[in-house]
Amino acid sequence: MNVLGLYNYWVVMVLMMLGFYIVISQGNLIKKIIGLSIFQASVFILYISMAKVAGGTAPILDESISTYSNPLPHVLILTAIVVGVATTALGLALVVRIRESYGTIEEDEIQAQDEEA
Amino acid sequence: MTAVAVVLMRDLFAVVMLTGIYSLLSASFFVVFDAVDVAFTEAAVGAGISTLLMLSTLTLTGRYAKESTQKPWLALAIVTVTGALLIYGTLDMPTIGSASAPIHQHVAPRYLNDSMQEIAVPNVVTSVLASYRGYDTLGESFVIFTAGIGVLALLMVLQRRRASDVDAHGPMHQHLILRIVAKILIPLILLFALYVQFHGDYGPGGGFQAGVIFAAAIILYSMLFGLSAARQTISQPLIFALSAVGVLLYGGVGVACMLLGGNYLDYDALAEDPVAGQHLGILLVELGVGITVASVMIIIFFTFNGRSLSERGRRR
Amino acid sequence: MIAHLPILQVVIPLLAAPLCMVVRIPRLAWTIALLASSGAFAISLLLLQTVLETGTVSYLLGGWPSPWGIEYRIDQLNAYVLLLVTSLGTIVLFSAPTSLGQELPADRHPLFCTAYLLCLAGLLGVTATGDVFNLFVFLELSSLSSYTLIALGSDRRALTAAYRYLIMGTIGATFILIGIGLMYMTTGTLNMYDLAQRLPEMSQPRTLLTAFAFFVTGVCLKLALFPLHQWLPNAYAHAPSVVTAFLAATATKVAIYVLVRFVYSIFGTEFSFSTMPLQTIFLIAALLGIFICSVSAIYQSNVKHIFAYSSVAQIGYMILAFSFGTATGLIAMLLHLFNHALMKGALFLAVGAVIYRVGSSQLQDFSGMGRHMPWTMAAIVAAGLSLIGVPLSVGFVSKWYLVVAALEQDMWPIAVLVLLGSLLAIAYVWRLVEVAYYQQADNAHVDVQEAPISLLIPIWTLVAANVYFGIDTRLTVGVSEMATRALFGAGP
Amino acid sequence: MFLTATAAILVVMLMALIRAFLGPTLYDRILAVNMFGTNTVLLIAVVGFLMGRPEFLDIAMVYALVNFISVIAILRYFEYSPPDETVEHK
Amino acid sequence: MIALALDVGSWILLVAGSFICVTGGVGMLRFPDFFTRIHAAGVTDTLGAGLIFTGLMLQAGLSLVLAKLVMILLFMLFTSPTASHAVAKAALHSGLEPQLDDVDDRSGVDS
């Protein structure tokens, strides 16, 4: 029973690691950023999973309902999503500039150019 | 699921679209898990804004990735170790949905039980966000402001090189139907943004989501009618000023609370009656967040696209 | 107003930042920034005084009681780090307009000031807060603005350096986020002091262990501990000199503070050093870091690279002192924290002054500068001596405590290794001295003048502080000892 | 009955997803993504009723909006890139 | 009585809507080229969504929820055909041609 209840977390972990893998293994700068956002999105899912209470509903108070899911992780994740999109925007801006000054967005080509210089 | 494909695909464009789907999926998941506010944000941000940004970037950088030449074994090893550690960590976790888990016992009950008396806002997420943990949200709006600053500092082009001739007809002038439909829809979208802004106390929504929707409407306009047309409607310095006004409004509310004798961001001090003070405080703060987010999103998008226009101008 | 000091500390630079952006006149923006940061400096002085007199200060944001709302809690340790960050931030900012004049077009100056203030506010927020999630938010605030600051460097390599820092930094932040999530999951609270009380009662060792591991790894990425340091040298080398001086003096220090706070105040020494193999891991990483990075520093041809690698090595010393897990070790670490900030601030500012005149930070371009820019080079030599650990400089004080801490644990081989590390420091500082004093200047640089006075004042302020705190150790040692006592007393 | 609808919508989402994976042309993918989005709107609406809290239709509204905007953005992106790239490479 | 009628009505509408959605999905998978697939997508977008939303409306009764459902439905009826139209037009512009019997398959190439 215990193991079944954790199944969801495991899926999240696998997703998380996929994102992480994209970040560290890919040479393309945009792909790295995409990997980063997948990584972060999976962390968000982790938080939201732990907020769930069986039988509860969304934390908007109403007379007729007595169990709610935990609102605190929701708040944290709202903040974290915003932080995430801010990071993504900045990262993409950097990629655009890199592309303009190097003419490529592949990590190895950039390194090769740097070594020549 | 989707993520696997992202690793494999070389066409960056397809990858971006799949990321959009991934984010939609996770948003649906959030709805199922009761996190409606989060789903709202994720839909607007993950599927909307991020995708738009990535597409704008692709316009500037080209869309095909090279085959990865690096040896993935080291990466794979690191990932496996980290993953194994995480799985190991899950073994002791409380099962999903069990109401006896510590997080449901310790701090959260107070929000659910007492916020009605203390703040009287039915949406607990809003009251925690804007009042109990209002300072986090202040930090958050400053983070988004920082991103705006960063993008500006990196990509701002001088106004001289505006290359407006490229854009004279607007980029999609041949899509007549699109333009007409959009003309009808944009006011509706703006109205909806206002609804989300001020209805956040009772249902999902609030300053952040409203800001994103508002920005989306403007972005839609600029996509269909051209950047220079959009810039004429909303002048650059005005948005710059607005983005600063938004964060200053938030911070200023805090300072006002302090001057009125409370602690920083203690909205009780804003009015005679604490509950009324909380209402006023949350309203102002959400407004601040909304203004900042909308203007920063518009700034980021305009800056990206202004860059691409001037790039093309140079290439000619 | 005294009661509001902890929040004013952070809010003043935070709110001054958008103002800087709005005014759009470089001079005015700079004045606002300077006013804000000196205001923060004054507040941090007052705050340190208050804390020393009355003990821990707690401030409830929004007036909500502590596990529900966010709390600022200032004890000796925070106050000490706050003072460090604000003082360095203000001094470095003094030299900004001159030094930046050549590296950045004037229309970006207000944006620079904004980002600088946001970074400062972020660092202060991280230090002052008593809430783990708030810590994450402000950490991201400071990181995002520092990516921007680094990317403003004039070289295109600044862009790649900033990009790499962004990727590594975000991975670190996400790790920290996972750690926070797991901690929250086991305890149900986000307040640091509540956490410290509830953690020992919890019966989920495996989740806790994972949380600890993720958190520590994330923080180590941010503080550039040895195998995780790859982002640092390039980021420091290609950023504008002012930014390098500021980040080298403050950003990694704040990350180290976070580490101390978590290991000592939240998890407690017992858990950190007995249950986890933290000591061994840190000891090995620190020693490897000291030696490998010192040796690579010797082989660099760019002066900024030399000192960037030296920074990683010095972080190694701090972590080494930290890994002893004893009171003396902690004192040594806190001392070195402060002292290293002084030295590196002075060094990078002085290098910046040379760049201002010569336009390059390549080692061969420094040749003959000993004669052309006597004051600047003298400052570099003085700070370099301090880096080596010559008596009468701050470097000596912290090395002394470090060796004592090692001997206390009967780890005399480590004491010997520390001294060997100093020898390596002599080697790389000597290379610079040799080039600057014993070689003729290039033909292109024969008419190079002394750096302008607006650069020399901040540099020599820092150098003077180097010497002063090397002789009069009452303030630094006193506060470090008090902070250490508080941390060991508070631990379970 | 909401359950039936939910199940059907999920099946369609899966199909759209497969189409988005397979391609083969770019426009197929765009279409699939668009359809996926439409179905998400439906799903959210139905799930809201399924859980007995139908106030959350705002989210569905945002989805519809986002869906429209992203399709336009994608099209616009291709207006900007050189025409030879718009048909997928072999 | 009326409640029952409403229930039955929404039942029928929902099931019909679901059926049409599934049909659209199958079409999306099975049809040979882009221009045929767009028909399948159109079916889901308008008829399927319309039926399902009408079914939900019958459930909602007179309230804010109803208004929102109407809004969303209108919005989708506006945007979906527009989007499909735009996609088709863009595809045609870019040189993709409808697959006719006598033309070789020129769109069935994968990247």
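Of note:
As written, the chain order gives the labels A, B, C, D and E, with residue 1 at the start of each chain.
The working rule: a residue touches a chain if its C-beta (ideal position, glycine included) is under 8 Å from a C-beta of that chain, and two chains touch if they have at least 3 such contacts.
Predicted model only: the values in this text are computed from it and were never measured.
The set of chains in contact with chain B as well as chain D comprises A, E. Distance between Cα centroids is largest for the pairing of chain C with E.
On a Cα centroid basis, the chain most remote from chain A in this structure is E. The greater number of contacting C-beta pairs, out of the two interfaces A-D and A-B, is seen for A-B. The distance from the centre of chain B to the centre of chain C, each centre being the mean of the chain's C-alpha atoms, comes to 31 Å.
Per-chain Cα centroids separate chain A from chain C by 28 Å. Distance from the chain C centre to the chain D centre is 47 Å, each centre being the mean of its Cα atoms.
Shared contact sites, meaning residues of chain A that touch two or more other chains, fall at 16, 20, 50, 57-58, 60, 72-73, 76, 79, 83, 86-87, 90, 94-95, 97. Taken residue by residue, chain C touches two or more other chains at 133, 137, 140, 144, 147-148, 151, 178, 184-185, 190, whereas all remaining positions touch fewer. Shared interface positions of chain B, i.e. residues touching 2 or more other chains, are given as 11, 14, 36, 56, 58, 86, 90-91, 93-94, 101, 103-104, 107-108, 111, 133, 136, 139-140, 143, 146-147, 150, 154, 175, 178, 185, 203-204. Applying the touch definition to all chain combinations yields A-B, A-C, A-D, B-C, B-D, B-E, D-E.
By the touch rule above, chain D contacts chain E in their complex via residues 1-2, 4-5, 7-9, 11-12, 14-16, 18-19, 22-25, 27-28, 30-32, 34-35, 38-39, 41-42, 45-46, 49, 54-55, 57-58, 60-61, 64-65, 67-68, 71-72, 75, 78-79, 83, 86-90.
Those residues of chain B that touch chain E in the shared complex are 10-11, 14, 174-175, 177-178, 181, 184-185, 188.
Partner chain D is touched in their complex by these residues of chain A: 57-58, 60. Within the complex formed with chain C, the residues of chain B that make contact are 85-86, 88-94, 101-108, 110-111, 131-136, 139-140, 142-143, 145-147, 149-150, 152-154, 156, 158, 240-241, 243-245, 247-248, 251-252, 254-255, 258, 262-268. Residues of chain D touching chain A in their complex: 51-53, 55-56.
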